[in-house]
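First chain written, first letter: the chains are A, B, C, D, E and F, and each begins at residue 1.
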Amino acid sequence: MSIARPSGRAPDQLREVRIERGFTRHAEGSVLVSFGDTRVLCTASVENRVPGFLRGKGEGWLTAEYGMLPRATNTRNDREAARGKQGGRTLEIQRLIGRSLRACVDRTALGERTITLDCDVLQADGGTRTAAITGAYVALVDAVRVLQSRREISRDPVFGAVAAVSVGVYRGVPVLDLDYAEDSDCDTDMNIVMNDGGGFIELQGTAEGHAFRRDELDALLALGESGIATLLEKQRDALAR
Amino acid sequence: MSIARPSGRAPDQLREVRIERGFTRHAEGSVLVSFGDTRVLCTASVENRVPGFLRGKGEGWLTAEYGMLPRATNTRNDREAARGKQGGRTLEIQRLIGRSLRACVDRTALGERTITLDCDVLQADGGTRTAAITGAYVALVDAVRVLQSRREISRDPVFGAVAAVSVGVYRGVPVLDLDYAEDSDCDTDMNIVMNDGGGFIELQGTAEGHAFRRDELDALLALGESGIATLLEKQRDALAR
Amino acid sequence: MSIARPSGRAPDQLREVRIERGFTRHAEGSVLVSFGDTRVLCTASVENRVPGFLRGKGEGWLTAEYGMLPRATNTRNDREAARGKQGGRTLEIQRLIGRSLRACVDRTALGERTITLDCDVLQADGGTRTAAITGAYVALVDAVRVLQSRREISRDPVFGAVAAVSVGVYRGVPVLDLDYAEDSDCDTDMNIVMNDGGGFIELQGTAEGHAFRRDELDALLALGESGIATLLEKQRDALAR
Amino acid sequence: MSIARPSGRAPDQLREVRIERGFTRHAEGSVLVSFGDTRVLCTASVENRVPGFLRGKGEGWLTAEYGMLPRATNTRNDREAARGKQGGRTLEIQRLIGRSLRACVDRTALGERTITLDCDVLQADGGTRTAAITGAYVALVDAVRVLQSRREISRDPVFGAVAAVSVGVYRGVPVLDLDYAEDSDCDTDMNIVMNDGGGFIELQGTAEGHAFRRDELDALLALGESGIATLLEKQRDALAR
Amino acid sequence: MSIARPSGRAPDQLREVRIERGFTRHAEGSVLVSFGDTRVLCTASVENRVPGFLRGKGEGWLTAEYGMLPRATNTRNDREAARGKQGGRTLEIQRLIGRSLRACVDRTALGERTITLDCDVLQADGGTRTAAITGAYVALVDAVRVLQSRREISRDPVFGAVAAVSVGVYRGVPVLDLDYAEDSDCDTDMNIVMNDGGGFIELQGTAEGHAFRRDELDALLALGESGIATLLEKQRDALAR
Amino acid sequence: MSIARPSGRAPDQLREVRIERGFTRHAEGSVLVSFGDTRVLCTASVENRVPGFLRGKGEGWLTAEYGMLPRATNTRNDREAARGKQGGRTLEIQRLIGRSLRACVDRTALGERTITLDCDVLQADGGTRTAAITGAYVALVDAVRVLQSRREISRDPVFGAVAAVSVGVYRGVPVLDLDYAEDSDCDTDMNIVMNDGGGFIELQGTAEGHAFRRDELDALLALGESGIATLLEKQRDALAR
């Protein structure tokens, strides 16, 4: 079965992925990740304190925050700081990013430190949350390397790697890594977060138009697995540079 | 493989499910749904207006709100109204309920009306969001029947049925309909929303402890499908009374 | 002088009052109180801490919160948690409930504990605040019994009993325990809180239509006294079961 | 029975009451009212619009807002604007002021206008809400006179007069017009709002220490009636100047 | 060059300035300052604590808050406490007042105390921030005298004096101390804060209509210097009474 | 007099200034401006509506918003959207940016459109507000060119050019374009906004350590004028590319 994706990509083709480390200089980790025209600045900040519920337990914490610049999108959105609260979508995404990255961190090895992953979308073209997770992982590793180089921690608290991609059913065909044009016109939209052991960390599928059948789900999972394998490789390449 | 679930249930066994219609008298639909000790009051309220973005388009809207009484849980939680905002978990759940129920509604047949599904947890013991979706569907049908009996609408805007259940991997074994004791001690937690055509509407899986493998996912999906079949039957029974 | 109350009740007749203990299972005290169609869930939660201004003084605290489910009323009200603040009416009522119940509590005997009385209206038909006070007293006693059975306190911190009822001048006639139909069409509305020694704890009268004369006030107070005597008896019966 | 009031006043003696009209120049009515050291600036502002629920009904609206300067009191209180919300006490008081003054206004005669009574406490020494009601009445009359002089309204929308005073049981003795020293050490505190026809508009009594008996209530009401008679006279004098 | 200022004043003429100490009795310093019809109540409150970032450093803190009564102006403004936040203009002004007064305070000599300067505008006619700074200085000195008389501090933490005035280009002519009629119709508006050593503390100039040239700036600075000399004298006179 | 600036620059030397147009693709104007390590993304967004107070007047509006990514600075700052409000500094800066740019716009020529200038700091090293103004001007011109190319407007609403720079007294020497190291250790800090006609638009000087004398002010103004001349040239170059 063949369709024309608006982008001209093959169904199982990712957009061009770039991972640029050291994009800003203050943060312990700072990565500009691009999935095509989607560009997210992911910084990892280390602080020597933990939230109240962890104080004195010898464990660290990892959390994420997500934001979008008002004109990252086609039409301007209100600034959340000006509206006085973060919207439901923002909270949902930053909770997802935090859970996903905590899945590859041994918080005991981190000591009583908090790593905050700030994922700010400079330009949006679909898939901002999956780009954010993929980039935030690299920023996290960079921050941990700083801690190691300062000899503040002895054991590496990061085990394995985590990446994320979206998949969806676009005009009846399962496709990988939806851009905005596809995302706003697809029947099913699924975000998949996996680790480098092939395990699933998060799976969030939503039927936009009609409910998806089990065979569609299987096809989407297969696409996701292949896309994530590529993304994990891109992360390794970036971290090796 | 055999485990002892804290509740003594078989791995594929739902808790006792009760669906009590007409629990309060003002709302067009009012259902007290119980999944074991989890009790959620779901009301459906009809209003003759739509949000700004739909005005004048001849379409209706369906939305959901979720709340938990402060002492629905084992220890008291702050009242969200007193704290001055709804938390991320609340927003995430009410967005899920709204999307799930919109999946079985023809908004054109509804006319310029809004149906608000308020799901308030009176007592929590795990699975409040899946109970809420399952109960809200029944409240929705009742509200639509009121509109039909008043001859305000001619076509039935509800097509099919929607129900939800949680599944998880508890001590290595896939189990159906987690209660709180299981939920707080499981490796993977997944919420499944399906319609009566066997299609998936929402799938939200989270690895709590370790990432889940594809075969675990398949087992969870199978459990979910069987549980939802039973829940759909309970809904039909309740609506037939 | 004779009138037809919308409910057909005699001027000095309460609605049917039911007090159902143990309505939910987590709270130390949990009471569903009904004054006719007004149904309020009152829970009493014990926490082993006190607000900052009492810390280290060896005294306890008792406070109340009040809420109404969005569709407890005839038309749906905005959810206060979604609007981001509790309204003036809510704050006024919860302050009243707190003051009323503190009037029968020896906070020294309570030790450094806080009891929070959550009064959530499931269904409203007038008189929600008086039902809440009457039910919260029973929940409070249940919570104290739990503390005594756990041998956490030695002396009973509750002295006497507290109940509340509304009275009003409806079409020129003083009547007891206004329901919504009467409340929205009466000239004077008064809430009376008394203890079992016949003392007044709170008196809040408002002239809705025209100012009330001293003789009307006297008649209202007499009605209130008789209604509260009955309510105190209902509380005793419920607590004896 | 004789006591020494901290102020040296007789039990039935008001503090010195001053009502200074035209205290600021922009508002249609602007009154600085003093009950002893309690000083409240009451302004009445007229606007040619009504709240949404009254639009197009040919009726006006009257509402009140209350505030206290941060250092109006003995120790500094947080500024409510800085804390980001009005407290429960503030909301309760401004609702009381609004209801009390609406009791002497024919909103039809007002036309589609809103009068806002801002009562801001410059210095507090007990009884701020009763001083505010008493002063706001005078500001209201001044604002109405402006409307009449501009020939914007033909009929006087104010009928009768409204004043308020506090009474309480101080060391066992009923006393009139509590100042702060008495208020913080009394057993019962009651605010009485009456009109010039001798009718009650609001009655709010609270047992601080022990519940009050019916004979105490009667004594307090008698004190309140006499105090209000004097205050109504002070208002008339001020308006005649 | 000659113009008619709306007020009839000469270009270099201040409005009548009055500084009334002890306006309210609770605050350690309480000053009603008037620049013509602009009247601001400035209170200085001393508290024996400092903000978190200064705790244990042996230094004090000085901060300012600014507010305007809703009807201080020609048309009523929303009450900031009711709107739930302080506006940008308010925050900007209170930051300016705080910085200006900190410029004459040795915070070490103050010890671990906070002085809060509350500047509340009772009536506005232009220049509220400059009147506030000028009056707050006097309230500050009074509060420090109280600390000295109580022998809580040994060294005077206030060095020099601080006053402020506005200047502007009105219809082409530089003028001193703009009132509202001039302020709303001028090309350039500048607020100048200086100390009694002739040094500048703050300079905030804004071109309202067209950009101002260097020679205009010079003329404005000269006017400001002369106006501030007079204001410093008024402060000295007030403090000597 | 000679000093060593931490950056090694001469007292009258700007940092390297880069103005990169078209940094993101959705906004009508999108400029990444760098003053050394300070990098601000300025976007100009056009919307075909105006705020309520301008509706129907045939005029446009121009406004600015300012934000800083949480880790733009050396230590992480709380996200304003998460804290639920914009701080005083943010509001002050965005008001300054808005006023400065409105000074070069003929709002009648703009028609009933709003241009919003979002200035988001990606990396901070002092002078973010002056970089923001300088970059926002270029984004504004780009947005206007888009409107002209779409033939939506006939006349160019932008007249002249606007740029901004900071100056300060660092260790006794007046210097141009402070970076963070200088800014946090200087005696006087002044932000100057000028147009290409040599007129002043905004002047905001603050004495940090000691008050500044008139001769220091004159030296600072001279430095600012020369720096702005260079910045205006950089803007022209960027716009000519």
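As a working rule, contacts are C-beta pairs under 8 Å (C-beta built on N, C-alpha and C of every residue); 3 or more make two chains touch, one makes a residue touch a chain.
Just so it is clear, the structure is predicted and the values come from calculations on it, not from any experiment.
> Which of these, A-F, A-B or E-F, makes the same contacts as D-E in over half of the contact pairs?
Repeat of the D-E interface: A-F.
> So how far apart, in whole Å, are chain B and chain D when each is placed at the average of its C-alpha atoms?
Result: the chain centres lie 51 Å from each other.
> If you average the CA atoms of chain B and of chain E, how far apart do the two points sit, in angstrom?
Here chain B and chain E have centroids separated by 59 Å.
> Measure off the straight-line distance from the CA centroid of chain B to the CA centroid of chain C, and report it in whole Å.
Chain centroid spacing, chain B to chain C, equals 33 Å.
> Show the residues in chain F shared as contacts by 2 or more other chains, in ascending order.
84-85
> Follow the ring of contacts from chain A in the direction of chain F and write out the chains one by one.
The chains follow each other as A, F, E, D, C, B, starting at chain A and passing chain F next.
> Residue numbers of chain E touching chain D in their complex, please.
24-27, 30, 37, 39, 41, 43, 45, 47, 65, 67, 69-74, 76, 79-82, 84-86, 90, 116, 118, 120, 122-124
> Per the contact definition, I'd like the list of chain D residues that touch chain C in the complex.
Interface residues on chain D, with respect to chain C: 85, 88-89, 91-92, 94-95, 99, 103, 190, 194-195, 197-207, 210-214, 217, 221.
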